[in-house]
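So that you can tell them apart, the chains are marked A, B, C and D in the order they are listed, and the count of residues begins at 1 in each.
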Amino acid sequence: MKPLNKLTQGRGKKLLAAAVVLVALIILPLCIESDYVKHLLIMVCLGATLAMTFSMLFSTGLITLGAAAFYAVGAYASTLLVMNAGLSFWLALPLTLLAAAVLALGFGAIFVRNAGVAFVIITLIFAQVVVLAAGQLDFLGGWGGIIGIPRPDSIGPIQFTSKLSFYYLALAVLLLTALVFQALYSSRIGRAWRAIKLSPNLAGTLGINPYRYRVLAFVIASIVAALAGSVYAHYSQNITPDAFGGWLSIYIQLYAVLGGLEFYILGPVIGSLVMIFVPEYLRIMKEWEPIITGVLLLVIILFFPGGILGTVKDPPGLSLKKFHSLYNRLKTGKKLDKSS
Amino acid sequence: MKKRLAFITLAIAFMAMPLLISCSPAATPPAPPAEVKTLKIGASLPFTDSMGIDTKKALEMIVPAFNQAVGLTVKGQKYNLDFVIYDDKYTADGGRAAVERLVNEDKVQFIVGQIGSAPIVAGLTVTEPAKVLVFCGGASDKIINPNNKYVFGTAVWRTNLPPLFPYLKQAFPNAKTIVNLSPDDETGKNLARDNSKVATAAGFTVLDSVYYPRPTQDFAPFATKVVSLNPDVVNFPGTAAGTSFGLQLKALYEAGYKGALVSPMPPNLSEVLSVAPKEALEGMVTIMPPTDVPNPSSMASQYQKDWTAKYGQWSVASLQWIPAFYAFVEAVKKTDSLDPGAVASNISANGLSWESANGKAMLVKRPDYKNNRFCDTVSSLNFGKFTNGKYEFLGSISAEDLAKANEAAFDGGSWK
Amino acid sequence: MSLSLFVQLLVNALTIGSIYVLMVLGLDIILRGTKILNFAHGQLYMLGAYVMFLFFQALHWNFLLSLALTGLALGLVGMLIYLGVFATLARRFTPTTTFSYRLLLSAMASVGLMMILQQGTLLGFGTQERGIQPPFPQIIDSFGVRVSLMRLAIILASLVICVLLYLLMNKTSLGRLMRAVSYDPEAVTLQGVNTFWVFVFCFALGSALAGLAGGIIAPVFSVTPAMGQDVIFLSLLVLLVGGIGSYRGTIAGGLLIGLLLSFGFQLLGGVAELFVFMLVIVILIFKPGGMLGEAAE
Amino acid sequence: MPLLLVKNVTKVFGALIALRDVSFEVNRLEILGLIGPNGAGKSTLFNLISGFHRPDKGKILFKDTEITGLRVDRIAGMGIGRIFQEPTLFMQETVFENVFSGLHRHYREPAWKAFLHTRAANREEAVSREKAAEILEFMDLAAMRDELAANLPHGHQRSLAIAIALACEPELLLLDEPVTGMNPSETAVMSDKIRQIRERGITVLIVEHDMRAVMSLCDRIVVLNLGEKLVEGTPDRIKSDQRVIEAYLGKQVI
């Protein structure tokens, strides 16, 4: 439990808070009767895990639209290993992660050479390639996907049949990811990432190789995405290529942005919680739902660009004076200084 | 600190807004008279897609009318049907979430009307363990699967086929070779395969199947490919009935295709003709929509009249998915029970036949999917040929005869 | 492959390629000028088709007039979008805001717009799919080659628009200003130019190009709310292949993708798309910045 | 043996010849000034030495090892630190974090140990914290260690940039205009700092416009004009050189 060293160093308060949250997360589903809400919570855990991988790449200044690609790789690899090679889920999982790591290293080495817009587009294209491949290649199930994916084998007395058990599995994935990522962010690796994000040039003159550190982030992010994908496949018991399309990647981005980009771990969790539950409430708006979601998104980005956590931490003053000055700037067309 | 508090309150109010909306009186229907109970029925449709919105409109039109006119009577108790419809965004995850909500939150025991194989298949992982009865608009092997006991397909794509090719033979006696032009997805590939099987049985030679990505608008490359294969007939299994079909016809026409055309689906003529010239449709043999036959059934003409009165623009596509509703009503009436398990086992074992705006329909078995219960649908059909800008009626087939024809075409004597 | 087939495939490739060229030129002008990766570009293309439908099909106005008005209308829409959304967003940024942060937030805002425009069109214009009767329905059939006149007209129209755009960007002071802003907005500001309206103009021009692309292609395609949904993926692909910020690269990339898809579908069938995508990744191994662009942040 | 040897370096941007056949050397523990009018190629030369550009011709040797065309981070790793002309900092981080990030080069424990937060890695981390604090003290920034870099006044930002570069413990430090825009008293303080940096065992190469500062600070001076080396020598010699005066004529009084 070495990564916990940091927490114990005179940070009793934080540790206590973490313990309370942990206990709450474990007890929470026991208080919920509805399987529907449990399903949503499982999707929140998986979504938050994916959004954390997005945040990790963003912490190096890269914007990926390909998080769904390795989610799909994990789902398909694990499914094929379990269903065709007859492996146990628990044996297939490490092999899946290994495959994802190798793929991520190969493609990452190519993709990461482009920063900025080019990286956004190429990861989007890569996600599209994965979807197309899954649809076009028959041994991957074609467009109809694969059904009847078995549940993970039980470990001793723990059986993976109920939603509750999958909630704990997904929660374990989420917490493990959070722990690993926190360890990375708090080490010099995380500092190097942040340096690259804030100024690649300056980072270079400090002896940090942006390329290598970005590839490292890409590989770690991809492994974690594959882990989430593998859990997803065995939870949903059927996978189709469409489920991993471009929209998923965009939604993953939304989770991270909405939660607050400066909060690499808590932001994705809050973001996915909100972005999964609010549209569910909006289902009653029927066909107006996408429009309302779109407007909500714009409002948050335009008026609370720090995301939910950023806004709670540093609430904007909604004074008349500020609006007045904003109006004046709009009239004169000048840039605002940082006070806004 | 005050500012922060105010902000948090605002934020919470903002988040709670949807909850408030859901609780507001407008959302709950007026309480029905005491002796009539309300039965919740679920549906999940893609609201980001024309098809889903049209189906929703159709349900919103026929269900209140049905409640007012006859209603559903089970064991002497009259029920008003209340449809809970959610958006599934046409995706697997969306379908799964919608069905989870219908089953676990709204506690519906019947889901009637789902479109698209991805959301349906995803939903089945919820409905089957929960023993919820599903009538869906899909019939792929992943849906009509021997492991699934509570799902019934009401899509009639495949079962349309067997009699179509004899009519084609009759209209074009010299035609020998066929090329399929299909969307590159599960439905398109399945249907192209089934079409090839039936066409071969009817004495045609299938040269090839050309697949195009579903959202394609530029069909020129595919049309040139089809023309370069030089077939006598082009068939369109699984093609969307609207402008997509029109664009395909137009592209073939522009590429110089002169042969015969056959459509296993009733085309949405107004949309097709908005993009394709009349000449491009000349001589097409097709299933005719029930509203366009010389003597349409009263149900069909009433449906079209009601639709036009309520929504204006007539949508032939809206007819496509409503048989599920009539099937459900008939199934419950026949079993005289609201227990989905009882209804499912009754109609699985004894079959079901019903009347809808689409004509008479009945359940059939699917031995080719190793499914020996009544689980898929055949519906009476009308055939026509498109000449000089309108339909020429060729003939029709009843549901019973169609079932027999299917048996002969697909199940090779294994039918018992 | 016969000559006739070859010519047909070539014309198809050029038609579709020229539409992508227009789309991507718009996308690129917006990206370079205002640093916004506009995911709603496909929806602007779709709106262009709807506006064209209104002017040409419903009101029966002259084709060229309708097209010009479509360009203007979408330019106006683009301007309103910029003033309403992206200008407000730009005010949130400080000089120290990193490039990736700006890029991400503006891209997310455009995703919000995309949802609104897409579903708004579906609800506003109804579920009915429409078509525009082509003004030149004739088919040229000579020497065994069949070519649709409308497709040739589309290629010609795109060519004219590209030339006009080239003249605007290179021969007018406004064009020079736009290019200067795209390289170094700070320096332009220091020279006393109000860059704000240059940004607005960039966005409006890019939107107008998307609208023109949609308007031109509408008589050949159909007009549906979903038509903008998938065009964005290939547009981004073209942008990347051609090289971000390269006028010639965009044109080469658009035509290349048109050719690859047209001949690919003929020769390989459905997997052609997969091959095209793989090929792009291979190109990027050797040319990280695209065919004619520079690898740059 | 010179610490840095620039040998016949030429750099061409399109049609513009930024540097033509420039050679000079930097000796250990000297403060060498690089001056010249605008467009003389001083910044280009810095970019070549620190690896941001690759020379078209010629070689650059550092401690007798050729570094021509190596990656920026490799060159930095060999012990060449640099500050940019515009204050380039991690603007959204605190002053302390800026310097702490600069210490990247000095970790000896492997990265996976740092990830696992092993005892040795934690100890190393603690040592580097102390080191960062020491550098802040040295650059007189200790009082504002928790300020955001973006909020610092201009002069302090420049000190911070130097502090970050010092965190790398370079053997050669390239300073691009460290005192330009400062008032005389600030300039004096900064000049003093630069001398102290040399006392820490660091060789300094300066590009500067402020002639008075350059003349008082530098041991030797290299003058560039229009991409070519004009003259090289002690401040006194440069002051009296006719060609230098011509190059600067009407610009500045030496």
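The criterion applied here is as follows: a residue touches a chain if its C-beta (ideal position, glycine included) is under 8 Å from a C-beta of that chain, and two chains touch if they have at least 3 such contacts.
These numbers come from a predicted model, not from an experiment.
Visitor: Return the chains common to the contact lists of chain C and chain D.
Guide: Under the touch definition, chain C and chain D have A as mutual neighbours.
Visitor: Where the CA atoms of chain A average out and where those of chain D average out, how many Å apart are those spots?
Guide: Result: the chain centres lie 40 Å from each other.
Visitor: Could you give the separation in Å between the centres of chain A and chain B, each centre being the mean of its C-alpha atoms?
Guide: 36
Visitor: Between chain A and chain C, tell me the centre distance in angstrom, where each centre is the average of that chain's C-alpha atoms.
Guide: 31
Visitor: Would you mind listing the residues of chain C that make contact with two or more other chains?
Guide: In chain C, residues 94, 96, 98, 118-119, 122, 270, 273 touch at least two other chains, as defined above.
Visitor: Can you tell me which residues of chain A touch two or more of the remaining chains?
Guide: Each of 136, 198, 287, 290, 338 in chain A touches at least two other chains.
Visitor: Any chance you could list the residues of chain B touching two or more other chains?
Guide: 48, 53, 184
Visitor: When you check every pair of chains, which ones turn out to touch?
Guide: A-B, A-C, A-D, B-C, C-D
Visitor: Give every residue of chain A touching chain C within the complex, in rising order.
Guide: Contacts found on chain A: 58, 61-63, 107, 110, 113-118, 120-122, 124-126, 128-129, 132-133, 136, 197-198, 200, 246, 250, 253-254, 257, 261, 287-288, 290-291, 293-295, 297-298, 301-302, 305, 326, 329-330, 333-338, 340.
Visitor: Can you list the residues on chain C that touch chain A in the complex?
Guide: Checking each residue of chain C against chain A gives 31, 37, 39, 85, 87-92, 94-96, 98-101, 103-105, 107-109, 111-116, 118-120, 122-123, 194, 196-197, 233, 236-237, 239-240, 244, 270-271, 273-274, 277-278, 280-281, 284-285, 288-290, 295-297.
Visitor: State the interface residues of chain D toward chain A in the complex, per the touch definition above.
Guide: 50-52, 71-74, 76-77, 81-82, 84, 88-93, 97, 100-102, 104-105, 107, 111, 114-119, 121-122, 125, 150, 164-165, 167-168
Visitor: Quick one: which bits of chain D touch chain C in the complex? Just the residue numbers, please.
Guide: These residues of chain D touch chain C: 91-92, 150.
Visitor: Could you pull out which chain B residues touch chain C in their complex?
Guide: 48-51, 53-54, 184, 210-213, 215, 217-218, 220-222, 224-225, 228, 242-244, 246-247, 254-256, 268, 270-271, 274-277, 313, 315
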